[in-house]
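We call the chains A, B, C and D, going by the order they appear; numbering starts again at 1 in every chain.
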Amino acid sequence: MEEVKHIKLRKNQKVTELLKEMEASGVMGAGRIARAAKILKKMVHNKECKIFFGVAGAMVPGGMKNILIDFLKKGYVDVFVTTGANLTHDLVEALNFKHYKGSPSVNDYELYKKGIDRIYDSFMPNKAYEKLEDFFDKNFELIKNSEDITEFLWAIGKLLKEKNSILGVCYRKKIPIFCPGIADSGIGLMVWGRIVQGKNIKVNAFEDLKRIMEISWQAKKKGVIYVGGGVPKNYIQQAMQLTGGADYGIQITTDRPEYGGSSGASLKEGISWGKLKRNAEFVDVVCDATIALPLIFSVLY
Amino acid sequence: MEEVKHIKLRKNQKVTELLKEMEASGVMGAGRIARAAKILKKMVHNKECKIFFGVAGAMVPGGMKNILIDFLKKGYVDVFVTTGANLTHDLVEALNFKHYKGSPSVNDYELYKKGIDRIYDSFMPNKAYEKLEDFFDKNFELIKNSEDITEFLWAIGKLLKEKNSILGVCYRKKIPIFCPGIADSGIGLMVWGRIVQGKNIKVNAFEDLKRIMEISWQAKKKGVIYVGGGVPKNYIQQAMQLTGGADYGIQITTDRPEYGGSSGASLKEGISWGKLKRNAEFVDVVCDATIALPLIFSVLY
Amino acid sequence: MEEVKHIKLRKNQKVTELLKEMEASGVMGAGRIARAAKILKKMVHNKECKIFFGVAGAMVPGGMKNILIDFLKKGYVDVFVTTGANLTHDLVEALNFKHYKGSPSVNDYELYKKGIDRIYDSFMPNKAYEKLEDFFDKNFELIKNSEDITEFLWAIGKLLKEKNSILGVCYRKKIPIFCPGIADSGIGLMVWGRIVQGKNIKVNAFEDLKRIMEISWQAKKKGVIYVGGGVPKNYIQQAMQLTGGADYGIQITTDRPEYGGSSGASLKEGISWGKLKRNAEFVDVVCDATIALPLIFSVLY
Amino acid sequence: MEEVKHIKLRKNQKVTELLKEMEASGVMGAGRIARAAKILKKMVHNKECKIFFGVAGAMVPGGMKNILIDFLKKGYVDVFVTTGANLTHDLVEALNFKHYKGSPSVNDYELYKKGIDRIYDSFMPNKAYEKLEDFFDKNFELIKNSEDITEFLWAIGKLLKEKNSILGVCYRKKIPIFCPGIADSGIGLMVWGRIVQGKNIKVNAFEDLKRIMEISWQAKKKGVIYVGGGVPKNYIQQAMQLTGGADYGIQITTDRPEYGGSSGASLKEGISWGKLKRNAEFVDVVCDATIALPLIFSVLY
């Protein structure tokens, strides 16, 4: 048995040095952060390994955009699955709107009157929707003929001048981006707005499955990273299930397993389904993603 | 100020009597269960009110199917939004498979070898997938021409002989059923299986939005009920946002607001977005849905 | 394997009938509530079994006083351990103050100015402290010579005219009541108030251990029930550890195990320490106690 | 309104630089970590401010001992309140036992047979108890005449040769250490073991209150830091309540407020009680303490 070494803080300590201390401690949350960082490093250094990155939660309003974009830009991500909400917030920022530091204890009706949408303590000007309307009005012809959701999202990404955008980077780096629930988002609402104007758009709801399954089939090794649960996690999990299971797994979630939902399910449970290999290296990190992500992803710099 | 009256248990006490005790107590979790029951009653008795019911979480493996079906059958639900997972588990049961009482602490690899998929402590035989394959092989021609996801799900429901099925009831009662993330599910995988066989299916990813938005526009009053978060909650929330906000709201979730995600967001936050009316009656119930649902829905019998 | 039978709600359904439905369902939270009720029944019907009842959390402000008192009055409890806070709130009510239904989203400074202390959404008039001062001023001579904390608490209980009081019932039924952290409470503050007036009180901090350990040693079978964690749980757990472990266990907590604290630790973990017998019957219920307690304890009526 | 600036990770980034990024981001968990670090800095640099440090949770088995000891050694702590469990684990390590990296999914009965006590994924050899017995047998005469719990704990600290010990440091630096629930711990059990041997010990359960209240009365400014809840938090909170309230507050907890317990109560709630000043600077950090502590306390080096 290996001793729990108490974490030692030092002046000018680097984040990666703190991670080493957490590894030496090795237990509870700190131990799991360190283990996640180690597995992440293995994934990206294993050349046979394809990385499937699923991101739910308010990561753009939560200040995590750069970390996601860096990860995408470095070429580490082979499959990126996220929610329509994150892509909408990314698009809003690409169109020059910002999110603002707010407070959860303000009067929400006062915010409403001021045109501010609250995401816990992150505020977004509701005016962003007007800009979105504008964007979709101008560009609808250029995106409406997309065969599937990936192509639809790439088509949006292609239109963006702002370099620091998830949609833009996915388009430029041709990273397969998936968002099965895209209709459930501000972007979805914009499409609906055009449909009611009589415009046509026929994006196939199932077609994308071919793309994710093919990448998964061809991968010699597979690593999965889940930030939050929901559709992004489950969509990758089911690809794993049919293609032999993941070899590496990192999950950052605060939901808990006892309630039975997919978002809180432990990675280990996936072994029964064949979503995770029996001898996979994996870890469940129980932590607010805005704290865990910067720590874990520090090992990549 | 109203006194907290301590809950009194009695011999042969009815669930509805316990709810009255909880109302008289009025605080913490018990008080919120009672408040949810009261709001539910108001919603269903207000004839002007359209009810939007969003259900995430493992409700079918978790033994909640009858409660959902009763609610649908009683004609209370005007819009039903759920996850592909719940529909897949419903379909599996409609095809005569069952879920079984299991344990979270078994060896998952042993389960894998025995062909058992684990959903926390609920077990499903993996053989169910073979039956699903079969079902989709036989019936694909009958469902593939669906214009949108609602029609696709109704087409499946139409095929089911088993009466006690969510999909079946939604079809027979023509309840608008939405599942924006349907590709993310066992049903999605079955469609993919046919696509790789060269079959065609063109279900439109965005088309459904028209239907939910229309119902929402026309409703004089709107009530929302969220079991869990994820896509079902958010898809209804965005319909509310564009159509004046909900008048009644019930949310049953164990996720918490501080992490910023939509699933854990308080209903109150929706006021800032216009998703909830300023003077709406609403309550956030922080409880395992398999405990809260039977209690709250008891008032309807 | 036993099938998950979906819970069936019925008109006029009794709480005990709902519990049977939850037993037939058998999974997730509902299944655990039913399992807890079953184990509780076994405990109280096993004549060889001594019951150790540990209660933390705001159970008096939360409307649970009657359920606790009924359980104590029925003679089921052999050892009762709780927090100073619960006893203070019980004493406050015995002195004719009440708790009131409030709201968590009020301005706390406004409450302060109005003399209202907030316990989430339960309000207590701060004036209660004056009455406590009064009570301890008048009665200090009668309680100050208590040898240990149990005797100190019994001495307070003896003074209460109000019948519906935890302290009163424990005194009258001579139920051994423990509160190792009693200094940490409003009652503690009242004692301090007398000490600074120059009065003397020498209650021994360790003496009680003899009493709980003796009861535990002599018990042929032992059942533990934990509402919340903290000192009440741990104080019983350590008695179990030295006396062969519990045969039955029920834990109602919303804290989670991954953080490593005693309050969130699973009962199963206790097997490693010898706090729980290897073949014990036990269950961890993850639920707000104000919802779980009424359900589980219904089987006793 | 201030913009949410997305966190930028860099090669060789220092922890304090990451904290600055988190401050610039300013929302959700990351924002709160940064805010806590800032408030901590203010507390320690405000010479009029007395710091009250309450620590619950398995901080010694969780690898946090050095961080606590550094904080104590730097002279920042004026009042230290903790659980008997943490002090027992500290004593165990001072007597040359270690904690070991384990796993939560092992068979607990196997651990029992091997003499290993499990604290989630941290393992302690049960043999440590023999050494504790030994220690208390040898030294009982030297500690039994302590007037109150602080003196009792200092008396133990005085006996320790191991320098890297919480108890030792508190003794040597004469830091007032409080543990109202000391009977509820391994140390308590050792005292009980001597009592049953017929030895005498009369530590006063209430006497300590004088000490903490005096320090609190005399402080011009007060800062509170809570790691976890339970007795340590509440014991400090009640001192604040009677002495004008805290000026600064940091709380690190994963418990949630809706259940009504003191451990999960927001700091803000304390304003209604007078435990926190109306214009205090405070923050609730919702995070595993083994992750939050190293980050926040990094600003002190």
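Criterion: a residue touches a chain if its C-beta (ideal position, glycine included) is under 8 Å from a C-beta of that chain, and two chains touch if they have at least 3 such contacts.
Just so you know, these numbers come straight off a predicted model, no measurement behind them.
Placing every chain at the mean of its C-alpha atoms, the farthest one from chain A is found to be C.
In this assembly, the C-alpha centroid of chain C lies 24 Å from the C-alpha centroid of chain D. One simple way to say how far apart two chains are is to compare their mean CA positions; for chain B and chain D this gives 43 Å. One simple way to say how far apart two chains are is to compare their mean CA positions; for chain B and chain C this gives 35 Å. Shown for chain C are the residues in touch with two or more other chains, namely 27-29, 58, 61-62, 105, 120-122, 256, 258-260, 268, 286, 288-290. Taken as a graph of touching chains, this assembly is fully connected, with contact between every pair of chains.
Contact residues on chain A toward chain D in their complex (touch as defined above): 1-16, 18, 21-22, 25-31, 33, 58, 61-67, 70, 98-102, 105, 120-123, 268, 286-292, 294-295, 297-298, 300-301. Touching chain C in their complex are the following residues of chain A: 27-29, 32, 105, 256, 258-260, 284, 286. Residues of chain C touching chain D in their complex: 56-58, 61-62, 85, 104, 108-109, 111-112, 116-122, 126, 149, 180-186, 188-189, 191-192, 195-196, 201-210, 213, 228-231, 234-235, 238, 242, 254-263, 265, 268-274, 278, 288-290.
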